[in-house]
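You will see chain A twice below: alongside chain B first, and alongside chain C after that.
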Partner chain A sequence: MNSSLQEIKDKIGNNDDFFFQRDYLGEFPVVLMAFKTLIDLPKTKKMLQTNINNPFTINKTLDEFLTGIGEVKEQDSKEAISSIMEGKLIVYLENIPKFVIVEPVSKILNRAIEQPVNENVLQGPLNSFTEDKDTNIGIVRRQMNSDNIQVISLAVGNDQKKSLSLLYLKDLTNIDFVHKLIDQIKKNQDKELNHLQDLSKILGFSPWVAISKYHTTELPLEAVQFLKKGRVILFQDRLPFALVLPSLLWDIFTLENDRNYPLPLTIAIRGVRIIGLLMTLLIPGLYVALVAVNPEVLRIELALSIAQSREGVPYPALVEILMMLVILELILEASIRLPRSIGPTITMVGGIILGQAVVEAKLVSNLLIIILAATTIANSTVVGFQNSLTIRLFKYIIVILASIYGILGIVAGMVLVSAYLAKIKSFGIPYLNLKFAKDGIKSG
Partner chain B sequence: MKTYKLAAIALLHFCLLFILSGCWNNKDINHRVLPVAMGISKQDKEYKVILKIPEPHQGTTQIKIVSATGTTITQVVDKISMNMESSVDLLHVKVIIIERETAEQGVKDIISGFMRARDVSAKALVVICDEDLDEFFSKIKKTTGPEGTTLFDFFEKNAGWNPQIALTRIWMVYRSIHSYTHDVAIPLVKSGKSTMVEQIGSAVIKNGKMVGEINSDETLLVNAFNGEGIQGRIEVMDHASVLIISDRMEHKSKLIEQKPYLQSQINIKVVLLETRGDPSTKVIKKELEHLLTNRFNLMFTKFQTSKADILGLGQFYRTQISRSQLKFWRSKYYPHLKMDIKFHINIQNEGYLKTSSD
Partner chain C sequence: MYPENIIASTSEGHWLAILLGVIIHFVVISVYMKGLSFFPNRNIIGIYSSVGKGTALFFLIPVLLYFLMVIIITVRAYSEIITIVFLSNTPLWAIMALLLFISTYIASCGLETIFRTGILLAILFLPLILFIFFVSFQNVDWRYAIPIDGNFQFIKKRDYLESFFAFSGGYLFLGFVQPFFSYNRKNVLIAAAVLIPFFFFSVYIPILTFGQATASTFFLPFVVAVDAININWLMFDRVTMFFIISLIAFVMLFLSLVSWKTIRIIEQFIPSIKPVYMLISLSVIIFLFCLSVPDWKDVEKLFWWNTILRFYVLIAIPISIYLIGIHSKRKNQHENI
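Entry: the complex of A and B
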């Protein structure tokens, strides 16, 4: 037996789903190799057979015939193995030191293009990205339909190969930025890529940044619009969303679908999101500040009614609000973990317990429940789940500062958050860049 | 290694935040007593302070009246705070009620104390009470509803305020004590028979001392002159009653041979409400002009004799009299001020009925 054939067999032959069969391709003895779990064997064989019996192939030479059925490669067991892992069929010629990588009929291991799961679309296109990277690129091409789109694919990882694809528009995207990005990925091509933290490592971002450096979207409409704004889209195989680079502050407030409404409504909707962000950040802190540190800011009527609602509450305002906020975080977290059928139970139990029983037990004040409800609702208005997580984290900083310095603490907290945002840069592009689309990457 | 060091430093700073801030002195709102009104009277050398405190109690608010005496106001408040289960927080005091005798002796020390200590907001209203404070507060306690803010609502512009009530805040009284040219009127009240408070008129304050008294109608003119707005005020005459909807003023000041002259024109827009007989608009206009001019002149002579410049007319001469001479505005110039006031009435609306114009 051929040495390189033996090598392949040694390496992956122990797998029970490894398919290894001697056969004849016309008059040549060949070995067919593939994973049964990745390809549809009967159909693939049938396809090969049709190729052989094709009347046009009869007069061809062997080389011509081989190029006809797939990619002909010189003996290289490593490449053969990685092709098998990718789900290709290898036709190994026993007499000539060559093998052919045949594109087989693959098993359908991907789900179909479905409606988005993490984002809701109102009156907009309903398709969304799937796990298959190539499908995603296809969707983008279909959505945009322009010869301007440039796709660059890179494989990352030593042990397991993961492929990344970069999409950008040739004439709109700053080429410097694209080159920087590609260079950075190529530099770290041997690193493992399992999740976005790994990707951050590859792209050289600090792991301690509290804000997601990628804007993620499931919606082709949004992704295409980002392309038009001169951003780069990154598709990672097996990740059903597009990663938009660089991510900017304004992305938190805008959805391209907003533009499917009249302009005044677009502006109003975006205004609501800005209010939502500010409310999430400020209201819990404001409660602590007004109740514990600066009650003189309140109108006397309000002060009296708050004092009344807090009558008999044993904890100071800070402990009270932290306790309830933590319970709320637990509910949010639990409702993600739970199967969809039990999900409503959590909502009900959480609603009843938090809303009614806690107040009646005099553990917290009425007003706090209102504050919590407003905070949670407001928190969900921003675009992108990863952004709402960031805001959820930031609000604790403001709560703690407010409990110490009152209104002044809230202002200080806002300054702190703003300064932090101002510090963040990716590839030289500041996070607070608001006019990215218009004048490109000047500072990049 | 470097990350751990950084994390340790960050943690240390975070802990310092709590140690150095002194935030354990913060008291939650339900552990503070929030008085809405404060009564002050001076008996011999001692101050008596009465606090009106709304207290939440099983779903409703109850009024608590607390009083104590001492040599200074802060000492008295401290005494009250000591004896109460929660600490007294004066930041929400909206109304300061001063007994009439105390006001006549002078409120300079009290007001300066408030301005200095910042315990009480400088925006709190000052009111003078024309009866014994203890009596006043005990009657208030009986008539007050469960909201606990009624005394404050009486003076609140978006609640119970009327244009014939003077609105004077602590900082205005403080200004009147130190300004050469500006005095204030402070509302004068007593407890009412059927209503909680009865407005008698206004006290004329000069340099922090009460020197005279004007009635509600005169207070209205003062308010109009100070631009407080007299919308909605009904004026009754022999032949008609009208509703004043807006007023506008123009002043021309002159200083001839060290004698001040002032020409004022007040334009008033009115709506006709009721007539008696068949007066023409001309008659009504004339009558109203006459009524207002007479009332104003009478009041003004009163001010001049008491040498209190409540209208702030001295402000018009600030550019014409030197700073050193301005000191004598109240004594030398103001009593000789010749004021020529003209009311111009414009009937905007006669209602659904026609009225003849001649």
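Entry: the complex of A and C
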């Protein structure tokens, strides 16, 4: 037996789903190798057979025939193994030191293109990205249909290969930025890539930045629009969404689907999102500040009614609001964890606790429940779940500052948050790049 | 504080006093920018150093002192105002620590961050300030404006000289930002022009609300005038608070800008220390200084001392830059010939 054949067998032959069979291709003895779990074996064999029996192939030489069924390679067991891992069929010629990588009929291991799960679309195109990277690129090409799209694929990782694809438009994207991005990925090509934190490491972002540096979207419509704004889209294999780089502050407020409505409505919808962001940040802090530190700002009637609603509540406003905010976070977290059939239970129990029982037990004030509800609702208006998480975190800074300094603390918190946002940069492009966004508005 | 000084400096024809200040401001800015335009892509530290070490020391040390004084006075004065207006129970040091902490944080992130934060804050707080300016006309009685004819008696008054703090603080940064930013000279002048009405408003609103005789007795006339606003549909009783806090947001930004400039100057003379450590130690020193200022009288004393430095900065820096600029231009022409 051939040495490189032996090598392949030694390396992956112990797997029970490894398929190793001697066969004849016409009159040549060959070895077929593949993973049964990755390819549809009967269909693939049938395909090979039809290829052989094809009347056009009879008069061809062996070389011509081999190039007809797949990619011919010189003996290189490493490449053969990696092709097998990728789900290809290897046809190994025993007499000649060559093998052929055949594109087999693969088993369907991907889900179909479905409706988006994490984002809802109203009156817009409903398909969404799936786990398969190539399908995603295909969807983008179908959506955009332009010869301007440039796709660059890179493989990352030593032990397990993960492929990344970069998409951009040749004449709209800042080529400097694209080059920086590609260089950065190439420099760290040997690092493992399992999740977005790994990707951040590969791209050289600090892991301690509280804001997601990628804007993620599941919707091809949005992704294409970002391409048109001159952004780069990154697809990671097995991740069912597009990562948009660089991510900017304005992305939190805009969805391309807004533009399917008349312009005044678009502006109004975006205005609502901005109000949502400000409310999430300000309201809990304002409650603490007005109740605990600066009640004199309010009109006397209002101050009295607030004080009345807190009558009998045994602890300071900060403890009260922190406790309820934490419970709220727990509910949010729990409803993600639970299977869909039990999820409503959490909603119900949480609703009873938050809505009625806590107030009646005089543990928190009525007003706080309203504030909490408003905060949670407002929090969910921003685009992109990762952004709403960030805002949820910032809210606590403002609450704590407000409990110490009152209204001054809220302003200080806002200044801090603003400065923090202003500080963030990715590849030299600031997060607060308003001009970038403006260009987007013009072209969009 | 600006209106307080102006109102105290003259009893009639305040517009003349304001106008003179504004004109001086404009002249100074134009001379300064003209001077800077001789040196594209260089900041004033670089310009002075190119002339000689002695010159650099001679001009930059007063600027440095001035900046330090400005930070100390601003921090101390505003924390005093905050305690007076709304945080009467919070100790002064806590407020000063907060102001310094935030401005240090912003300054440590660099100039670009300062400017971008400025844009964000402007979007957030300017509407509020404008709104308050508009509603503050609510109690205005136009007859109080009447003795319109003015004279130049006010120039000799100490209060008037002190009022120049409003002009001298802002424009120096134009000389520092050069390698990082380029700006349009016309836009700067337009921005300065947009500010003019606010100088007038801030003086005239208290006067028109209370009359000269009453207004001159107040400690912070504009704040009192805003305090007198009563809007039925607003659920908040004290609009002043919103005015002050929006101002403070900008004060924090101003502080960070000034401390950034200070660090740039110190860096020129002691390049070995890392700027971040320098910034932190500077804030600690300033904090200690602020703690050692016992009450408002001393703040005013500091303020008066700083006036001398202020005029030095206001006059010497722009003119010297201008002269150096012309000088180097001539030299270049000679070399070219």
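Quick notes on this structure:
Keep in mind that, in the parts below, the second predicted complex is superposed on the first by the 436 of 444 C-alpha atoms of A that agree within 3 Å, B and C clash if a C-alpha of one lies under 4 Å from a C-alpha of the other, contacts with A are read in each partner's own complex, and residues count from 1 in each chain.
Keep in mind that, in the parts below, contacts are C-beta pairs under 8 Å (C-beta built on N, C-alpha and C of every residue); 3 or more make two chains touch, one makes a residue touch a chain.
Bear in mind the structure is a predicted one, so any value in this text is a computation, not a measurement.
Contacts of A:Leu196 after superposition: neither chain B nor chain C is touched. Applying the stated contact rule after C-alpha superposition, one finds that A:Glu296 touches each of chain B and chain C. Contacts of A:Leu408 after superposition on the shared chain: chain C is touched, whereas chain B is not. By the touch criterion stated above, A:Pro430 is placed in contact with chain C alone, chain B being left untouched. Once the two complexes are overlaid on the shared chain, A:Ala307 sits against chain B while remaining clear of chain C. When the shared chain is aligned, chain C comes close enough to touch A:Ala419, but chain B does not.
Once chain A of one complex is fitted onto chain A of the other, the partner contacts of A:Ala223 are absent, as it touches neither chain B nor chain C. Comparing which residues of chain A touch chain B with which touch chain C, the overlap comprises 293, 296, 300, 404-406. Only residues 290-293, 295-296, 300-301, 303-304, 306-308, 310-311, 313, 316-317, 400, 403-406 of chain A touch chain B when the two sit together in their complex. Contacts from chain C toward chain A in the complex involve residues 82, 86-87, 90, 94-95, 98, 102, 105-106, 109, 112-117, 119-121, 124, 235-238, 241, 245-246, 248-249, 252-253.
Listing the residues of chain B that touch chain A in their complex gives 17-18, 21, 23, 26-30, 32, 34, 36, 54, 56, 59, 61, 89, 91-92, 94, 121, 147-149, 152.
Chain A makes touch with chain C in their complex at residues 293-294, 296-300, 302, 404-412, 414-416, 418-419, 421-423, 430, 432, 434.
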